[in-house]
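For clarity, chains are labelled A, B, C, D and E in written order, and residue numbers in each chain start from 1.
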Amino acid sequence: MRRIGVADTTFARVDMADAALRALSASGTGFKVVRRTVPGIKDLPVACRQLFATDGAELCLALGMPGRADYDRTCAHEASLGLIFTSVLEAKPIVECFVFESEASDDRALDALARRRAEEHARNAFALLFRPQELSRHAGEGLRQGFPDVGAARPRH
Amino acid sequence: MRRIGVADTTFARVDMADAALRALSASGTGFKVVRRTVPGIKDLPVACRQLFATDGAELCLALGMPGRADYDRTCAHEASLGLIFTSVLEAKPIVECFVFESEASDDRALDALARRRAEEHARNAFALLFRPQELSRHAGEGLRQGFPDVGAARPRH
Amino acid sequence: MRRIGVADTTFARVDMADAALRALSASGTGFKVVRRTVPGIKDLPVACRQLFATDGAELCLALGMPGRADYDRTCAHEASLGLIFTSVLEAKPIVECFVFESEASDDRALDALARRRAEEHARNAFALLFRPQELSRHAGEGLRQGFPDVGAARPRH
Amino acid sequence: MRRIGVADTTFARVDMADAALRALSASGTGFKVVRRTVPGIKDLPVACRQLFATDGAELCLALGMPGRADYDRTCAHEASLGLIFTSVLEAKPIVECFVFESEASDDRALDALARRRAEEHARNAFALLFRPQELSRHAGEGLRQGFPDVGAARPRH
Amino acid sequence: MRRIGVADTTFARVDMADAALRALSASGTGFKVVRRTVPGIKDLPVACRQLFATDGAELCLALGMPGRADYDRTCAHEASLGLIFTSVLEAKPIVECFVFESEASDDRALDALARRRAEEHARNAFALLFRPQELSRHAGEGLRQGFPDVGAARPRH
């Protein structure tokens, strides 16, 4: 049974893990979820490291929600660098799913955006682990998560 | 007996370790504190590395107070990256607790904010080590440290 | 048979791997391509790490297309640092080929630019692996990829 | 005999190592200094790495003076990240002592500031190695190097 | 026979390696040069890593010329971090010699500046390897490469 790690935060204002877990279950079987919840996004890299090294995950989904302040953008940048560093060190993918509070105009929109993006990134995570060739079939197609796909610049020749 | 590392600085204008240690003691038992005080926040990463590698800590609390100048923000960024790098390398959590001098309007407010945030981060540190499932129960609830929680964007369904 | 890794994304709006693979085939023989497609540019570093560590690549081509927003520039910066870190860790080259959407005025120009740059970087990748002395012959000649070469500041003496 | 590494530059406009070495000697005995001078601040991280790995230092003092241009601030940022990375990798402290040319209004003030800061950081280095509990006694007291201490936000309770 | 690595680019508009190699030869004997030319500055870190790990270099000279655009400054920053990371990992010096196109007013001045700086950095590289004590004799003297030295802030006492 392969393991997928899910790391999330108490700082986020939406239970993104809930949405991600539903989407993972709907994607297929053959995996078990291991989860670690941490205070904020800067704690996600080490949570993923522990999900890999201690809990046996083969891939992690890192869910977080940076706030509206300038400083939150710096924190998100630091967290992203830490997630990339961790994934390279472990040679195992971390699918980062961040939703900035400032991306949504009100709480209802924020909730919807965060759930939708978490679901779509969860499906990406599943594909990376179980159906990597599916991603190659969609290479260069301008896919987006949480917002509509923008599509390829020109039709495939 | 599990060990919690506490790293703090002489640069800070509040004895944040004092507040953190009280909060840790009030949280429960079953641990011993090991401590290293360094000049400034950029010295915190290696202090945590030594708390892990030499002093046997399983988790560190890194307490610091960047000043008001632009340059202090750069230093905080560098320190944060170093703390994340250290935690990933060691596969052990570092709970960063920084209070920017510019977050408070006067010395009295700064003292109160720094103590409150140090206490709340100390409780997070305790939970990460001894009651990780407690954090998962509060995932996505918009928790904050030092300031009031902002809450979830929408009630949990 | 030497292996060249190709990492690309579903986020890009042009099938840059298609252009790169054609240019590689036209450059010569003696190699086999291994490929991994990931969601976005921040997933490229670990994809390259896996192409090296799991799939036996000796060199990777990392193809990506950052969007028009400010945040995309941050993502590109993070991805670039991750790619450099990965290449140094593995002691094997990663030829980064990024095309910013904002470099082109419309979709047709974007498609043409992305294909041309992918081809030229693919030829560089081939040269690095099979004809490194060819690159030294062109040192300091102001070569560019996707746009016309600018040339040396002064004729060679 | 414990070893303290001193790394400095030919780029700096003040012989900061001279000031540091005097302050170290005045602090106590029981150590030997090993020194490496490099061209600029970006060379300090590897100099410290060699002071640790080749020359047997247990702690390093990294002395540098970034110039007045914007680019010098970028270089200082890169150097700082490298110093932090090195100290974490080696699990040994590096006391960074940088003086920006722009901190002083004229050459005489620059010379005085650089010497004073180098001396105070040298005393910190000595304390870290030989009297770490002394630093803990001054935790949260708002100590500064090169400029007057700012003090604690409120008297200790 | 000790080995000095030289890494340069086809992107640069001046054959900086040519100038550096002449200056190295004029500095003394007892070394052999190993060289790798790569497309751009972001490829220099892994080229140095290979010069160390595969080609046996004890020190590398990394020569590059970032363009005039804002994006080129970001690339230079990434390349510099990669070079520092590589040098620390290998515990061997990398002398970075970058000339920004924007430092010179025209092509003739650019050519002259790039050659002069490459020569002066090559002499520094030679000194680091063969006459390190010479650098210490010039500590704090405000030395520059490519432009006139600025000198010490005050005469040595």
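Just so we're on the same page, contacts are C-beta pairs under 8 Å (C-beta built on N, C-alpha and C of every residue); 3 or more make two chains touch, one makes a residue touch a chain.
Computed from a predicted structure; not experimentally measured.
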item: Partner chains that chain C and chain D have in common; value: E
item: Partner chains that chain B and chain C have in common; value: A
item: Chain centre separation in whole Å, for chain E relative to chain A (CA means); value: 40
item: Whole-Å separation of chain centres (CA-atom averages), chain A against chain C; value: 25
item: Touching two or more other chains - residue numbers and ranges from chain D; value: 81, 85
item: Chain contact graph, described as a line, ring, star, complete graph or other shape; value: ring
item: Cyclic ordering of chains (reference chain A, direction chain B); value: A, B, D, E, C
item: Residue ranges of chain D touching chain B (in the complex, touch as defined); value: 73, 77, 80-81, 83-85, 87-88, 91-96, 100, 121, 124, 128, 132, 135-136, 138-145, 150-154, 156
item: Chain C - residues contacting chain A, complex; value: 8-18, 35-39, 42-43, 45-47, 49-50, 53-54, 71, 74-75, 78-79, 81-82, 85-86, 89, 107-108, 110-111, 114
